[in-house]
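Here the structure is laid out as structure tokens; the discussion comes afterwards.
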Amino acid sequence: MVYGQEISFDTQGFSDIKDITDGVNGVIGASKMNQGIACISVIGSTASVSTMEFEPALSKDIQDQLEEFVPKKKITRHSKTWGDDNGFSHIRATLMGPGIAMPFKDSQLILGTWQQVVVIDHDNRPRNRKVYVQLLGE
Amino acid sequence: MVYGQEISFDTQGFSDIKDITDGVNGVIGASKMNQGIACISVIGSTASVSTMEFEPALSKDIQDQLEEFVPKKKITRHSKTWGDDNGFSHIRATLMGPGIAMPFKDSQLILGTWQQVVVIDHDNRPRNRKVYVQLLGE
Amino acid sequence: MVYGQEISFDTQGFSDIKDITDGVNGVIGASKMNQGIACISVIGSTASVSTMEFEPALSKDIQDQLEEFVPKKKITRHSKTWGDDNGFSHIRATLMGPGIAMPFKDSQLILGTWQQVVVIDHDNRPRNRKVYVQLLGE
């Protein structure tokens, strides 16, 4: 069985981190499936999906780390070519990847106690961000 | 068809790398499936799954690289807030991601000759680590 | 339903980036499936799969970034042990991961307007690279 649904939400950009665990579990609930794989994929080339202990101090640590690795002031060929100044966002997104696949069972994602599914929006402006959740299972 | 099973094993932490290829192929064997997708996902927010040529020199190279990028002595807000001193582990895990999806055929993962599936446990202490393997296929 | 097919193509190595979006959509077309999950996985331990806005300036930015993080001249234990001088390729590949899972619908990958699926071949020589695309869906 296949069941797919888009989730959308607002972000501030600049690697703003949003917890989408409840959103994904909501899609699993709507599908009436018990177990399977959830493919969670960002639409667009400037955001990433991962998991973390979602708490404000760690969110800031991760943002600082990304800023250390690929600063938002970084001069890129992409920004010079297209004039949209978000070359750093693209680099961060491609290196982290656009999505993850997670198992679910008993109609819930299989996660640790302090583990949430997050979207990190690296773009250089506030956006309405869309994530597609595709479920396969039974 | 869906088949899921937990694999567990001991690690030393600090980005200790364990080869779980035989463990995952064992789950495929137990499922009696021939082909499909294996979703391999760490339970917890301080470990990662990837593939590599599993040999000791490269394991040490990867650990050195992670230490260069996010040193274990790194002062993080997360460690200061929670006092558990493993902020670096969380950052490494979120940037690398919690799991991978791999195809299987003829009841085996599709891998290169020198390619193994590994778990990298970034936590700051020895742990018993759990990985959930969810198979979909036929 | 399960449908799998190998895609192969030539690369120049050194994190050469190839757009495989049409190749993956071609496999979906051949499968006659309408919706599901595509598991896109590199065979071998020195290449990665991700998504990006595929244009030459950004490709060069990403290559520069990888060179900054893990230079091709980096002295590694792996290269000293095996004499094949591609330790940097292995490190880049393991940190980025070997593959991605993407949703598809209406017989097409669900992607943003400026988002393509790419293989980044980190090896230190031109290669014929193989990617396995495993589809599950209906």
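Labels for the chains are A, B and C, by order of writing; each one numbers its residues from 1.
Please note the rule applied: a residue touches a chain if its C-beta (ideal position, glycine included) is under 8 Å from a C-beta of that chain, and two chains touch if they have at least 3 such contacts.
Being a predicted model, the structure only gives us computed values, none of them experimental.
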Chain contact graph, described as a line, ring, star, complete graph or other shape: complete
Copies chain A and chain B touch via same or different residues, half shared test: different
For chain A placed onto chain C, the superposition rotation in degrees, Cα atoms, nearest 5: 120
Centre distance in Å when chain A and chain B are each reduced to the mean of their C-alpha atoms: 19
Shared-contact residues (touching 2 or more other chains) in chain B: 37, 39, 69, 97, 100-101, 136
List of chain A residues in touch with chain C within their complex: 1-2, 4, 37, 39, 41, 43-45, 69-70, 76-78, 80-82, 87, 90-91, 93-95, 97-101, 132-134, 136
Sites on chain B touched by chain C in the complex: 35-37, 39, 50-53, 55, 57-58, 60-62, 65, 69, 96-97, 100-105, 110-112, 114-115, 118, 136-138
